[in-house]
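Below are two complexes that have chain A in common, paired first with chain B and then with chain C.
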Partner chain A sequence: MVEMAARTAQQVVRAPGYARLAKRMGILVFVLLSFVAVAIISLRFGSLSFTSGEIVSALFSETDSLARNIVMNIRLPRLILAGIVGANLAISGALLQSVMRNPLADPGLTGVSTGAALVAVTIMLVFPAYGGLVPLAAFVGGTLAVLLVYFLAWNRGIDPVRIILAGVAVNALLGGGTSLLSLLYSDRIQGVLMWLNGSIAGRSWYHVRMLAPYSIFGLIAAVMCIKSANLLQLGDDVAKNLGLKVNVARVVLSFVAAFLAGISVSVVGLIGFVGLIIPHVSRLLIGSDYKFMLPLSAMLGSILLIIADTAARTVFRPVELPVGIIMAVVGGPFFLYLLRKGGAMR
Partner chain B sequence: MIAASRLTIDYERKIAVEDFDMTVREGEIVSLIGPNGSGKSTVLKVLSRMMKSRGGTVHLDGRDIHKLPTAEVARKLSILSQNHVTPPDFTVRELVTYGRIPHQKWYETINSEDSSVVEWAIQKTNMQNLAERSINTLSGGERQRAWLALALAQQPKVLLLDEPTTFLDICHQLEVMALIQDLNAELGLTVVMVLHDINQAAAFSDRIVVIKDGRLVAEGTPLTVLTSQLLRDVYRVEAEIALHPHSGKLYCHALGLCRAHREETHCVSTCHTKRTEAHIAN
Partner chain C sequence: MPVGMATTARAPEIIRHVPQVGAPRSPNIEQLRALNPDLVIANILFKPALQPIFRQHGFTAYFIDNQRYSSVIANVEMFGPAFGRTERANEILNDIRRREAVIRQRVQGRPSPIVMIIFGTAQSFMLSTEFSYAGEMARMLGARNITTTMNVPLNVQTIPLSMENVLAANPQVILRISHGNAEEMQRMFEREFTQNPLWGTMSAVQNGRVIDLPVDLFFSNPGLPMVDALEHLARVLYP
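Right, the complex of A and B next:
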């Protein structure tokens, strides 16, 4: 018995961490396959339903069928947009949780959402003629709000607690502005409500083309942040000791995060939840190493938003719901389940 | 190896350390001792560039530590502070691997040389059987060894330690101290540590630096520095200093608080007043 235990111990020593690596790769592959499955299912359902075979032939054959028309012109761009936005928001949240070393950090904390919302709502309600400017203006608003938060939080360096407090204050201020506008112009509120709860309805290739280049840029930047994000998790002193410029890293990581959230919010409106919950789910599933956690977050964020968007357009059809509402209803219980279960990597 | 001159350090404009000089030669073990709040940990933070001083300079290998690129400092010097946070799922091996980061470019991942250094650090600290365990499941002593392994993986020339034995039982204390001594003898590692235990400082240091109220009080070999008079002046403790009959090492036995301390009940507040005066004078 003792001998056997000793032998197992030796085997463990001889295989340094390979079992864990294999498990992690397994999870990534499984999630990638789920992603493909979810994408196909999402393309099938809507106001008209198709079979998986019809979807595949619509995607890969040139014949001009109804299925091809609907899939290529309506559902595919919507799917891609949901996927990109989900990945952006999840990565944004994951980076911020490392920067703030706070599990409650989400993209909204930097002020990016409320800043974008105030400007977007102002245009939609006060200057409805300039509706086409909403994405650009929302992005500018989000950026200004982030700069304001960091300006307020700066004191010989960046302290996470100060960012959080400044973020809360700025969010309250800008959120108040948005509420005030909504009350003053309550007759025009309908379209604004969809935007404030996030909606991918009616988005087309135009929006994909608008978002994709910036997202690729943001995602590459996020990949370059992996090492810093990992180091920040060990605390400022250890990170500094290992040669990281902690203040610079904090600023860079937060701006990459705010950029990813900002471009997403400006195209589809405010979508909460993904950025807060998905990083936690990833951490529970695959551990805290950002080399694995960040790609998993991106995939899970995409999957979640695609599922939510599919549900948003099918559950109460022909009425479309804002995707943010669906996500809270679907994702909340699932997250609580994972939390109770404890996750595989604990 | 390290030369600090005329250091003045303040916290939120309150002077913590004033006009402090200190030199550490290559291959030396130096202990910083002094009462709580004397500024010894603060000095260590400045020596390791974790904190900036208001005045004075710190030179590492003849170059100003605050002007060196921080990654270059990380290849020469490592500091092990007192409190650590680790994500709950990090294993010992994963943590130790982080010690190689100063030796990598930002896009590089671990290569075979890195992994052999990690392996060596794990063996040196006797963590082989715990390498795949998560840090949070380890005992205090094991955890301290894991963090020491991380510092070793950095392959520093200078190791700074902030109270490396404070939360450990006597066996683990000796284990850590013996490891440090061993690394010093074998690799010529220069060690500067903050210690509370005077006997440990006496047993394991080449030189002792005593600091009180942010000022240098004495420095030299344990034999010349540690005297009953010094303990009375610095700690307000009446103690007997003797050489141990078997080991030949110096040890100190505390007899009680000294009379001056018993009469002056508000020791802490007088220290504070002195510091505030220093602040006003500035």
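Right, the complex of A and C next:
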């Protein structure tokens, strides 16, 4: 009797769990399908118009044509890059929001973007001959900035508030450096505007080859962070009681986040907002369990950036806008809408 | 007599001794004051920022447009009589006209190529339009700028255009303008051109008509040596 009662009780408790799991899987599947749809739309539309038939034959036949050249050498690599970068930035933001326990955390907070920007702009403006080194140098610059922020924030342990304050200070410092350079070399500034505003235009397969291996490495690292991220959300005391080394976890998560943002920024320049809004949207949709929230963030980040990049090349065609501007213009109001709805705050 | 000039690496030899008063867009007002000039000549691009400052400090200021080839000529025509040097101005203008006539002869009757002018570095660049310094010269030489084959609604000097449209318009000549060491820049562009399969499909690349323009003549308007630039451009556009 008792045994049976216990079993029924267990079933009763587990039933809603299954329903929740089913709902979560449903959301993931739906988002995955949306991802496929968005990818198709992105291949279909650009600044030149082709018929669907031309696009299909461009994808699947070997004959040389303008459509094939454009689809295979422009739209497809851009689609893949936007997808990778969007996922990287969204995951980066999600991890940092757990580290900081602060919904306003985004990859830029660690100094990674401004550090990368300062070094990249220095090279492009002052030592243009070494422009080939921009991705590597931007990554090194971003890493150094992150180290600086964490060094400044470290005081027998790491406190999120100190990271945020150190991040703001370092960002101001490095941002000032970038502004100074663009003032001193104002005649050359046209050459770096696209980079500063984040652009996937003009990126090609070799950028995909450059970014993909590091991204896979970063994504695997992010998956291994899921448990710590979940625990950190509970607050220091609870996390410690559950056996988490809080300081170590904060540093590791931060560096995985900075790595993902750093490799992305170094290839496509500065793109904001993905890392800030996507984790919010994911949390609203699927809850704050990182097992689900992280993959959802990755997919939504990809989708958002692919849409933004498609818009960047179609809205004002033939003029090509930096995708970072689209993100800011669309992302800002969307984020405010979420805030007004009240659901975005944890 | 010039009593001061903006700090620039490109000052002609004869005025190198003149004291420098800071960047063109933000001259040092104290130094400017100390020189006590009768007239301050500044770039029209910086007029919105500088005019109120000059007015406040009681400088008589004149803002000139020195962006393009044609504006250099207009400025010589204006400053000659204004400074009582009409004769010298006419000498300069006659020399320019004589050289232009030679250039016109070279260009006459030649089919006009479709050109794309890349401005920037291999990592991040925009396209120069007909309203830019180099773009205006290309137009004077009868070339068709790729930006005119698309309906670009803006009168701007450089514009980020979609590579899709660039491919469709298929430029016959690509001109590259960059700052920095010419050989190094050329090497970097070469790497971008070989790594990115897009470029290889353009007829300019297939026919080897990708030309790096010398920085000192083309990066921005050099003043009077702009005729050298025009001659150079005529030679490379119509070999």
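The criterion applied here is as follows: the second predicted complex is superposed on the first by the 300 of 346 C-alpha atoms of A that agree within 3 Å, B and C clash if a C-alpha of one lies under 4 Å from a C-alpha of the other, contacts with A are read in each partner's own complex, and residues count from 1 in each chain.
Throughout what follows, contacts are C-beta pairs under 8 Å (C-beta built on N, C-alpha and C of every residue); 3 or more make two chains touch, one makes a residue touch a chain.
Owing to the predicted nature of the structure, the values given are computational and were not obtained by experimental measurement.
K.L.:
In the superposed arrangement, which partner chain does A:S204 touch: chain B (first), chain C (second), both, or neither?
P.N.:
A:S204 contacts chain C only, not chain B.
K.L.:
In the superposed arrangement, does A:L234 touch chain B (first), chain C (second), both or neither?
P.N.:
In the superposed model, A:L234 contacts chain B only, not chain C.
K.L.:
Scan A:L321 for contacts with chain B and chain C and give back first, second, both or neither.
P.N.:
The answer is second: A:L321 touches chain C but not chain B.
K.L.:
Looking at the overlay, does A:R162 come into contact with chain B only (first), chain C only (second), both, or neither?
P.N.:
Touch status of A:R162: no partner.
K.L.:
Counting touched residues of chain A, say whether chain B or chain C comes out ahead.
P.N.:
Between chain B and chain C, the winner on chain A residue contacts is C.
K.L.:
Could you tell me if A:L48 is touching chain B, chain C, both of them or neither one (first, second, both, neither)?
P.N.:
A:L48: touches chain C, not chain B.
K.L.:
Classify the contacts of A:K245 with the two partner chains as first (chain B alone), second (chain C alone), both, or neither.
P.N.:
first
K.L.:
Provide the residue numbers of chain A that touch chain B in the complex, in ascending order.
P.N.:
9, 12-13, 16-17, 20, 101, 224, 227, 230-231, 233-235, 237-238, 240-245, 283, 287-289, 345-346
K.L.:
Note which residues of chain A are touching chain C in the complex, please.
P.N.:
46-48, 66, 69-70, 73-74, 124, 127-132, 134, 183-184, 186-188, 190-195, 199, 201-202, 204-206, 269, 313, 317-322
K.L.:
Can you check the complex and tell me which residues of chain C touch chain A?
P.N.:
Listed in rising order, the residues are 23, 25-26, 119-126, 150-152, 154, 158-165, 167-168, 178-181, 184-185, 188, 191, 195-198, 201, 219-220.
K.L.:
What residues of chain B sit close enough to touch chain A in their complex?
P.N.:
48-50, 70-75, 78-79, 81, 83-91, 93-95, 98-99, 101-102, 106-107, 128-129, 131-132, 154
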